[in-house]
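Every chain is named by a letter (A, B, C, D, E and F) in the order it is written, and numbering of its residues begins at 1.
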């Protein structure tokens, strides 16, 4: 079993809040991340797939194919977008990196399984001091 | 002459656009950076000051003092904020990194000159592939 | 299950040696790291916790709370300190990164369990070419 | 159980192709990586070993010993070399990072087991956006 | 005056040698970089342009335009290529990073001057421990 | 004119203080950096030299020669040492990064001038957030 990881990046605006909470309650729980006028990040995304290297070509999965799936299903929908308002797979969810990682997993997993590999991990760095990993 | 550089970071939302242009014209000139629903970045800021090391303590300028000036005048106003809507020194300006660098220079320069050093350079990285430098 | 990692940094002096060994024996086993006049590093610490994201707020654990625990229990005791002489939880231990990782785990684990998450990994980078991981 | 990782680097030329395929077929499967006149990379290699810290000296394994094994068995054979033409342990294999990781594992594992530790992971970064991990 | 820098990357094979020298002489002067069977690197290229921010749009120069010039004139010619054998602007030159920086300057400068900015610096990193800068 | 930069690293203990000041005064001016029991850093050093590329071999200066000068004159004296107590060229000086940069310049400049290049800049990073540059 070999693990292949591809790194991609996107820049997005977001806000962490619940509509059923007051601004004060949102501020108490989410801190400055609840700012109603938005803020944003340069997110870094690592997608890891696992499989056996093919006898035919020696890859677990073609890295260009993996890149295209990530761009098509995730990065092109998030980059230079507002995560709360414009991204279908985050609609109705609190825009935490935890929830984002699970949503990205759900977008990518069925596409990757079409290519004789399995999705192993979605890792998202929000700042250089914080990152989230989800293994399904 | 010695140059001392301090790195700080802030995460902000912004949009590049001109109110006197149509959305189409803004999209043509600013591309996806003109998205009306905002996007954001993890900005990295390097502030360089120059001076002679003091015979008394061997510093060009106390790095903690420099840090406090940068936080007070710049980072605390920008971090987790909307650069277009919430930052006094960017009001009425197009939110390009170029304009941001000049505005940050104007905020910092008089404060630093109170401390026997001179501001030498403001450098701002917007993404890992783009940065701006301004030398006054 | 989601994994959240927080990065913190500290700069400390240390020396690897055993008091019951001669300087020659210490030099033979620990090399230049046994220098009796000390040396030091910028240590980078990654603390990973695991748990289910809360339905209430979408976090595994509040990252600010995690940061405060790490600063209070670990970083503030180590930063700009001599690891051999001034850090209670390293007292009587050889100051290897391996022993430091286990000691930090023991400091952090009970505090993190008060917050509905579990400590998963303590990772410490001593130089850009060496790091240690401990999973309990 | 503690995990110790050592990072080393090497710069090598390579080409991905099969001699029993036409240039067109190689181009179709391997893309620009099949260029018959070679290209190259700065590869970054992380070798992780696991074990119990010794009561005697507090190390899983002496990091200098680990470094010397990696240089002797891997880096000195690959650095500033053509991976397809000059590296014994890659002879007859397609020069994918997947195959390289398995080959490096086979070179390192018996040497490391002479030192009371076990090889845990070989990780190779080919570019800042792609890496491979192999756990045996 | 504002300075805008764009980072791009390419992976190439090369060899440092002079055809009018023996292999022994090439090895003596260029060391392992003279290997006749090639080696390669992940080169990182920073291109800095300078100018006044436009009153119209606030840019020194559109960063996307700068990117396209760098890709068209430099990166697409070098990436996954043999610098000695396949790159027109390096033909007949010793493939040092010094000579590469000057050649890239000559490729880029006339194109950038069509856009109301001037080329200021070409910086090329060959490994994480070595880089070259050329200011024309 | 071309600029060549070589990066090297060293780990050292130090303390900022003046013997003619009380511990209280030292603490007031130098903060936690005045800790009498020492602390330390992973220092990163960039040495930049300038010159014309040789018609003979295309280098400003052989990078291996530059590396050997830096190791011999600077790194081997500082690495795993106490900067205040064990480094001849820092003797009697306050161990600020400013003073260290000037001292390293004085060590390197005469050696580099023996090789048809001139020392241009000594840059020292003490932590990821602070660095010093000295141009002679």
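The definition used in the following text is that a contact is a pair of C-beta atoms (placed from the backbone, for glycine too) under 8 Å apart; a residue touches a chain by one contact, two chains touch by 3 or more.
Model, not experiment: these values are computed from the prediction.
Among the remaining chains, those touching chain B and also chain E are F. Each step here moves to a touching chain, and the least such steps from chain A to chain F number 2. To fit its Cα atoms onto chain D, chain A must turn through 120 degrees, a value rounded to the nearest 5. Ranked by how far their CA centres sit from the centre of chain D, the chains are topped by B. Comparing the centres of all chains, each the average of its CA atoms, the largest separation from chain F belongs to A. Between the Cα centres of chain D and chain F there is a gap of 34 Å. For the pair chain A and chain C, the distance between mean C-alpha positions equals 29 Å. Residues of chain D found to touch two or more other chains are 128. Chain contacts in this assembly follow no simple pattern; the graph is neither a line, a ring, a star nor complete.
Applying the touch definition to every pair of chains gives A-B, A-C, A-D, B-E, B-F, C-D, C-F, D-E, E-F. Listing the residues of chain C that touch chain A in their complex gives 1-8, 48, 53, 57-60, 62-64. Every residue of chain C that touches chain F in the complex is listed here, in rising order: 9, 11-14, 32-33, 35, 37-42, 79-82, 85-86, 127-128.
Within the complex formed with chain C, the chain A residues making contact are 16, 18, 29-31, 93-94, 96, 98-99, 101-102, 128-135.
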